[in-house]
Every structure is written in C-alpha cells, then in structure tokens.
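The following blocks contain the structures, represented as structure tokens.
Next come two complexes built around subunit A: one with subunit B, the other with subunit C.
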Partner chain A sequence: MRANKAFLIIAHRLAILAYIAFALFPLFWLLKVAVTPNDLLYSEGIRLWPSRASLEHFDFVLRHSAFPVFFRNSLIVSGSTAVIVTILASLSGYALSRFRFRGKYWLVTLMLLTQMFPLVMLVAPIFKILSPLGLTNSLTGLVVVYTAFNVPFATFLMQSFFDGIPKDLEEAAMIDGATQFVAFRQIILPLTLPGIAATLGFVFTAAWSELLFSLMLISGNAQATFPVGLLSFVSKFSVDFGQMMAAGVLALIPACLFFLLIQRYLVQGLTAGAVKG
Partner chain B sequence: MAYAARHEGLPAIRPPLMKRIADASAPYLYTAPALILIVTVMLVPLVLGISYAFRDIQLLNPFSGGFVGLDHFRALAQDQAFFRSLRNTLWWTGASVFLQFAFGLILALLLDKPFHGRAVAQALVFLPWAVPSFLAGLNWAWLFNPVVGPLPHWLFAMGIMSQPTNILSDPQLAMWGPIVANIWWGIPFFAITLLAALQAIPRDLYEAASIDGAGPLQRFLSITLPFLAPTIAITILLRTVWISNFADLIIVMTNGGPADRTQIVASYIFTQAFKRLDFGYASAIALVLLALLLAYSLLIVILRQWLLSKD
Partner chain C sequence: MASIDIANIKKSYGTHPVLHDVDLKISDGEFVVLVGPSGCGKSTLLRMIAGLESVTGGEIRIAGRRVNDLAPKDRDIAMVFQSYALYPHMSVAKNMSYSLRLRKTAKDRIATVVAGAAAKLGLDPLLERRPRALSGGQRQRVAMGRAIVRQPKAFLFDEPLSNLDARLREQMRAEIKKLHKDLGATSIYVTHDQIEAMTLADRIVAMNGGVVQQVGSPLDLYDRPANLFVAGFIGSPGMNFFEGNYQAGEVQRFEMEDGNSIPLDAPPLSNNARVTLGIRPEHVVLAGHGPETLLATVDLVEPTGFGIILHLSLGGASFKAFTNDRSFLTASGTIPVRFPAHYLHFFDAEGRRV
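On to the complex of A and B.
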C-alpha cells in the first residue's frame, strides 16, 4: 500500500515534469539557437547547448537591423490599444455591472457575437474603409482596429471585477452628495486597480500577438510591427537562423512580462472572453 | 437608477427634471464610446463585406466594383481548392480541439491536488498561452526544420521517419505541423478553465465517496465528470468555432502549402484578400464560412433545447 502510494507520487511528478518539458522546450530551443555562433550552428546541429555561446546575434539585431523600430512600433500600438481599451471598457463594464437599462440585453448579445464570428472576413472591408482615410500603413489605423476588437472582451472582464465590489460603497458616497460619476471615479476605480492592471495586460498581450490585420494594413518597414517585420525577415534572409531567433527572443520578452502580471487573473480573463485565446 | 427606484415611495423628494434626464441617459453615456467603436469598426465592415460578396472588387483593378450577382458563388462551387480547404478545416479543428482538450484535462487533473512547487509548475506549463501566435508558429516551424531543429533527427533516430526531412513540406504530413503547434499553444486554455471548474467541486463529496468505498476511477466517473460536464461542453463548443477561424499558425508555418494541403477556409480567405487582392471572392468565401458557423451555432442551440426538454 505504502509502495503503491510512493509510486503514484513519483508518476505524478514525472507527468508534471513531462508537461513542463513540452511547454518550455520550444522556447529553450529558440534561446539556444539565438546564442549559437554561426560557425557552430550546423556542425553542432542537435546538441542541447552549443560548446561556445555568444550574444553576437543579439548584438547584430539590436544595432544593425530594423528590429528596434519594429519593437518600438509594436510597443506603441499595443500600449495605446491597452490604455484606450481599458478606459472604454471600464466605462461600459461599469454600466453593465451597475445599471439596468433598455437595450442592455442587445448590447451584451452584440458584444458576445463579435467574439464568435470570424474576424478574418473583416480583413478586406476594413482595408477598403481605412485606405481613403489614410489609416492604412499607419500605427493609428492599427490602434483603432485593435481597440474595437478588444473592447467587448475587456468590457466583460471589467464587469466581472466591478461585480466583485459592493454597491453600498458608491451608494454611501451618493447619499453624501457625490454624483454617480464622481463616485465611480474616486471610489470604485481605485478599488478596481488590480482588475485594471489585469485588463491592460490581457489587451496588451492580444494586441502584441495580432498578425493578420497588421500584415494586411501595414506594408512599409517604417510602420511595421514586430510580427510583420519578423515575417518579412523570414522570407528575405531565410538563412540567418541565429538572428531570426534572437529577434524571436526579443518578441517574447514583453509577452512574458505581461504574463507574470496577469497570471493571477487567467481564469477570470479566459472565462470573460470565453472564446478568446 | 437604482436610487430613483428606492425613492419612489417618497414622492416629496422627487428629483428635478434635468436630474431625471441625466440619470436615464447615464448608462447610455457610459456604453456609447465602446458601442460606437464596435459598430463602426466591426458591424459596418461586416455589412460592407457581405455586399462585396456580390460585387467584383479587386484592389489593383480600378475598373472593378460592379455588381456581379452570384458569379463568385458559381466560381466557388467549381473551386476544388475551396472544397479541399473545407475538408482541411474539419481535420484541423477536430484534431486540434480533441488533443488540446485531452491533454488539457490531464494537466488540470495533475494540478488539482496541492503539491510542493505547484505555483511554479503552473506558471511554467501555462507559459505557452502567453507566447504570441506568430512566434509560436515560427518557433515550431524551426523545430520541424532539419537544418536548425531537432525534431526530424529525433524522429529519424526513433525509426518513425525514414530520413530526417521537414514534415511541413510533405503533403501527407504537413497538417500535423500546425496541429502540433496549436496543441502546444492551446493546452493551457483548456487546463486553466478545467482547473477552475475542478476546484469548484466540493471536496467533502470525495471524502464521502471514499468512506463509502469508491475507488479513484469510480470517484472520477461519478463525481468529477458530471461536475465538469457543463464546462467541458461549453468550452469545447466555443473553442471549436474559435479554432476553425484561427489561421495565424497555418499562415506563418506553411502558408497553406504544400499544394494547398494545409489550407483551411480562414487561411484561404486571407490568402485571397492578402496575396491576390481579390476582395470580392474573399468576401464570398467568408460569407459561406459565416453561414456554416451560424448553422453550427444553431445546431448547438437546438441540441441544448432538446437535452433540456428531455430532462
């Protein structure tokens, strides 16, 4: 009986280790190739770690390529999207959490539907609409599109955070003469700060990963976001794996930082989005 | 608003007209910015896109734009690549959802009981979820590439492959590339949602069952599964829609090739719009996809009604 239990514990730990290995291996390999000097890349093909590691690829990518520009563009787009979406979603999430009003059912249904239908079918019409406005090949255009795509999900997320705060708080403030908006701004929002941080993190990650619309809307190098830059790099210099993977590691950094920020709220975020990756 | 209701019994302090108008419009003011954005950036293009399906819209042809009726749909009925992409979509979605779910459920069960280092293990196994999809795609494409990746060499050494080649360029096997990447990327989603549902099961149920002499398998079948069933059903149904529309990995890893063997409907739409700049045809395919998804959703609703009426 005792041996049986020990066996179960060992099997459990081994299974967990197998999952961790599967989850981390691709990222490990990315890092490994990124630090492998070119002369060792082919001779030491599948060794787990090169006999000599160097940062030359990172050095090249940071100083002699356009990746710092792509990185900055992606930061601008994802950062602005995250801030604007969080502001809009705080307002609409608060309305869904606190008010009962005509049309609320339809608003919720509309927002749920936007999570279900294939966004890829909007690629062509959005290009046609933004083109005469000068918003193609522009970071502003991307921010507008990403903001709209992320508002519904962020609204549900913020609503779930507001639902967790007792109504009595702003009712007390309103009896003291504050308007509802003042109560919202000065009492409820500060209490929701962790939720606001989580929403910022979720939206930032989503905008940072978006691929199809940035490929369609952006063409020049100057306005390219990270995915656009990386993919054009892949097709142009398909031989320099070291540099590509060094660039890949760079793309991973903000995603990992934000992952740490939102880790505690993963469950809330995924259930609010329901269908969102 | 909640306020007005509470004071209704006291007509003496009925608020002035301006205040009542302000109160009544408040929820609309709060939701207006989000709503306006959704309508202009999602609904208007959706309607426009539906109209494109019946028009000849090619970006590089300034004389295009005319109404062509059902021409795109007639072309679509003859388009072998489209029917192949339909079959591929079924295969891609079915394999991805099933394997993501199976591995995600096992992971959730493994993480359910407290053990030393659980928080760290959890953070590490959920990390792939945070990896941007384009990077996940590139990363796996590199792993499958015999020049820099170890996978072909390992498969060769294990005798699974006759020589270390890239499965992404093998028409028979190419679809497995994006599917494996999708599994890696999607396990955390299922694990996170199922783990949350698992932890909501009252613990004393298990104790009572073991006192009554139920074994681990019996406890799993008669307590865990029934409690998880609603979460499993809803996540699988929603995830199916999401994954069938999810083209990022395929576009990054194979671009639909070799010879359209990995083209799914969503990536086919994107290719028509992005590579061939044929917005009309792309919109026609999109309309068909939308109709199929609507039919699928309707089926779910009917199934749910039927199950409810049976109880």
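On to the complex of A and C.
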C-alpha cells in the first residue's frame, strides 16, 4: 500500500518534470545557440551544450548592432500600450460590470465583433488610415494600433474581475461618504490589483511579441521594435543564428522581470474567487 | 438623530411595481423593524432610504429635509449590510475610521472615537487585524462599529444577523438592542425573522407584496393582527386557521367545514358569513368538557425542551397546540380541546380582521 503510494508520487513528479522539460526546451535551445561560438555551431552536430561557450554574440549584439534601439523602442511601445490599455480597460470594465445604460448590449456585441477579424485583413486599411495622419513609421502609431486591438479583450478581462467584487463594498463606501468614483478608486481598485496585474502582463507580452503590424507600419531601423529587429539578423546569404538567439535571450529579460514583479498578484488573480474568503 | 418621513413611496423596475404607496413616519430615536417574506419590498424600501435605489414616486424626508435626489454620502446615515461589506484590504481600525477619514476629521479625534467604539463592542484586541482574520460575529461587530463611529442621523440595518449561527444571532440581537438603548439612535431594521422583529422593535412594519400590511407595536401585531397575512406571519409556531361559517341565532356558533362547531361571543358578522377563525397554538386549551369541547386526534408530538408542540387534527383540519405540560409527551388517540372565545381571531373573506 505504502509502496504503491510512493510510486504514484514519483510518477506524478516525473510527469511534471517531463512537462516542464518539454515546455522549456525551446528556451534552453535559445540559450544554447546564443552561447555557441560560430565555428562550433555547425561543426559539432546536435549536442546539448557546446564544448566551448562564449558570450561573443551578446557582446556583438549589444555593442555593434542596432539591437539596443529595437529594445528601447519595444520597451516604450509595450510599456505605454500596457499602461494605457489597462487604464482604459479598468474604467470600461467597471462600467460594464456596474452600470446599466442604453446600448450596453450593442456595445458589448461590437467589442466582441472586433475580435473576430483576422488581423491580416486589417493591415492595409489601417496603413491607409494612419498614413495621412503621419502615424506610420512612428512608435505612437504602433501604440495607438496595439491599444485599439487590446482594449476589448482587456475590458472583458477587467469586467470579470470587477464582477467578482461584491457590490455591497462600494455601496458601503458610498454610505460612508464616498462618491462613486472615490469608492472605485479607494475600495474597488485596490481589490482588483490582481486583475490589473494580469491585464498589464497580458497586454505587455502581446505588444512585446507583435510582429505583423510593426513589420507593416515601420520601415527603417530607427523605429523598429525588437521582433522586426530580429529579422535584420537574416541577411540575403545567411542567417546569423548566434546573434539572433543572443538578442532573443536579451529580449526575454524584461518580460521575465515584468512577470516576476507582478507574479504575486497574478497568482492571486488566477485563483481569486476560488475560495470563499 | 432625526425623524424619517416616508410619504407615498412607490418603486417599480420598468413596468414591474415592487412598492405601492408606502407611508411611514419614524420618530426620533425610534427602532422600527420592517418585516416580511423575501421579495416583499422591505430591503428595497431600506435601500431607497439609504439612497442606493432611486425613488419612482413619493417623498423621503430625513430630519425634515427631502432626500429623494441626494447621494447616499449626503444623507448622513449609516448602514449595516447582511454581508458586512467590510473593506478586505483595510484593518479593523481603518474600516471603522474610513468614513471619518473621508470627512477629513482630525487624526486624534478619529483615534478617540474609534477607540471608544472598539471598547463598546469589545474589538480592542482586533483593531490591527484584517477582516479575513475575523470570525463571523467579530465581522458583524466591526460592521456595527463602522456605523456608530459617525454618529449619523439614522442607522439602517439590512438583515444584519442572517449570516450568523443561531446562538450568535441571539447574542448579537441582544447587543443591538442594548446599543440602541445606549445611543438612542433612530434605527430602521430589515429582517425576515419575526423573532428579531418582535424582540427588537419599538414598532413593527409588516410588509407583503410591496404593501404595508400593518404598523404597530410588537404585541399589537401579535394580539390584534390586522389581517390573515400578519396573523400567519407573526408568531412561531404560527397561528392556526379554520375555514367555516358564522351562524347567528340564540347561541352564536362557528361552524367548521367538517361539521364541528364551537359556540362563541358575537363578533359583528352577518348570519352565515364565511369567515376564517384563528387561534394561536399556546391559546388552545387541552382539556375540558361541555358543549364547547371538541375531540382532536393527536398526529404528532414534538418536544422542544421548552415545551411541547402537539400536531392535532379536527375532522379534515390540522392545527397545532403548544403546552408546557409534559404529561402530553405520551399523548395519543383523541384528546379534548377547547378554543377560549376571548382568544379567537376572525377574518372575513378578504382576509381582514373583524
């Protein structure tokens, strides 16, 4: 009986381990190629770790490529998008959760509708709209487009978090002497921090890895975000895998840092409402 | 403290009316309980007084001032919610002082008031805790504390004890009553529990279907219910009802449907009028002989410890009797019962008291 139980535990742990290895293997490969010197990349065949590791690719990417510019651009675009979308989605999500107003049904339907179109279809019209406004080849243009595409989903996300907060709380605050907005800011928002963190994280990563629009709307290295920048490592005659992977590893850092920062709230958010509290 | 006047209040959601012309004057310092089954409109009425629901028609005045269109924060009332509605991210002290902080009360004044309220409610050792680290009864106390620190014009209670277990509910009921005695604050209390209504109220407002059925002191409603609804709702176990006819004549009688009849003193009824007779279980006399004695069959004996509830039947009609006499624990077969005339209630075909 006891042996059986131990076996089950071991099998369980092994299954988890296998899954983690499977999920993280591409990341590992990214790192492995990034530290493999060029002369060993093709000569050593498939090995889990090169016989000689070096940081030369990182050095090159940071000092001799346009990567720092891409990185900065991405940080600006993703950060602004995440913040703007989260603010807008908090307000609209709260409205959808708490207020009854005319046209609410149609508004929600319309927001859902925007999520149904393949983005590729919209690239040309959006380019046509942004071009006379001078918003092509500009980071602001990207932020506007990303914000527009992320607000509907983020709104639904925030709405579900607000729905989980009892209405009694803001009613109590309003009787205690708060206006609806003060009740929202002082009582409801602090309780929605997990939701805000989840929305921030979701939008940030979505914008961080977006390729299609930045490829179409941005020309030239000065305004390119990092996913577009990665393509510049693909030249006419060769692909510089080592440098590309090194850039990829570097690009992972802010995303990881960001999630590390919000992870406390994120875990709360994903499990919120699971237990009566 | 203040009086509250409610005049011709109406409320409807779309075309669906939930309150019909409610009129109520609550005087300064009075403890009024709104009681009725769920969906009778009592909570809606309370929330309208608080400003959490809009007013469809009529007028609400607090201390003489019309508040129909005033935001909740400007009405100077405090409310205790069924769910307690404590702010989860604030400590007990912060919960209690929130309203004062919103009003920019001086810090030392806040500290004094909160300490006073905490002492009154036995919350001193808990002031730094978060609500989630409190038991149900403690949360309830914090909710009360939050209400009393402000010294508002009136207290509103929305079924504040419904989430507590029976023993705690009894204890908190007594504390609320004591608190009201100390503070003398105008209070409106909503409950579906008629025991809470009976024990707490200066005056009870019994409601059903969005209409006020009767307003009066607890014993008024108990002894002289205005209609069948109030008679059935107030009291536990509830009042017994028998359908039948009133027979005038030399000896006035109430004739039940199964042919049993009891003699009675004359209520102002016309001959052969269809009436409902009501009698409370504790008023049924379980003994007797002579013409007014009936033979009832014992269906079930329920000992409650405090007394015994007998489930009896008379012809086709079943009814209950309450007694403290333990010899009835073994009652079976048929026993004599008597309905003393001065304990009888009569209701006409529309359910109104006659």
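Methods note: the second predicted complex is superposed on the first by the 227 of 277 C-alpha atoms of A that agree within 3 Å, B and C clash if a C-alpha of one lies under 4 Å from a C-alpha of the other, contacts with A are read in each partner's own complex, and residues count from 1 in each chain.
Definition applied: a residue touches a chain if its C-beta (ideal position, glycine included) is under 8 Å from a C-beta of that chain, and two chains touch if they have at least 3 such contacts.
No experiment lies behind these values; they were computed from the predicted model shown.
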Which superposed partner A:L215 touches (first subunit B, second subunit C, both, neither): first
Contacts of A:L122 with subunit B and subunit C, given as first, second, both or neither: first
First, second, both or neither for A:F28, with subunit B first and subunit C second: neither
First (subunit B), second (subunit C), both or neither touched by A:E171: both
Touching partner for A:V182 - first (subunit B), second (subunit C), both, neither: second
Residue contacts on subunit A - larger count, subunit B or subunit C: B
Partner chain in contact with A:P190 - subunit B first, subunit C second, else both or neither: second
Contacts of A:W49 with subunit B and subunit C, given as first, second, both or neither: neither
Touching both subunit B and subunit C, residues of subunit A: 171, 174, 277
Residues of subunit A defined as touching subunit B within the complex: 12-13, 15-16, 19-20, 22-24, 26-27, 29-30, 33, 41-42, 45-46, 88-89, 91-92, 94-96, 98-101, 104, 107, 110-111, 114, 116-129, 144-145, 147-149, 151-152, 155, 167, 171, 174, 180-181, 205, 208-209, 211-212, 215-216, 226-227, 230-231, 234, 241, 244-245, 248, 251-252, 255-256, 258-260, 263, 266-267, 270-271, 274-277
List of subunit C residues in touch with subunit A within their complex: 50-52, 71-73, 75, 77-79, 81, 83, 85, 87-89, 98-99, 102-103, 132, 146, 150
Touching residues (chain side subunit B, partner subunit A) in the complex: 1-3, 26-28, 30-31, 33-35, 37-38, 40-46, 48-49, 52, 57, 59, 106-107, 110-111, 115, 121, 123-136, 138-140, 142-143, 147-150, 153-154, 184-189, 192-193, 195-196, 234, 238-239, 241-242, 245-248, 251-252, 266, 269-270, 273-274, 279, 282-283, 286-287, 289-290, 293, 297
Subunit C contact footprint on subunit A (complex, rising order): 166, 168-169, 171-179, 182, 187, 190-191, 277
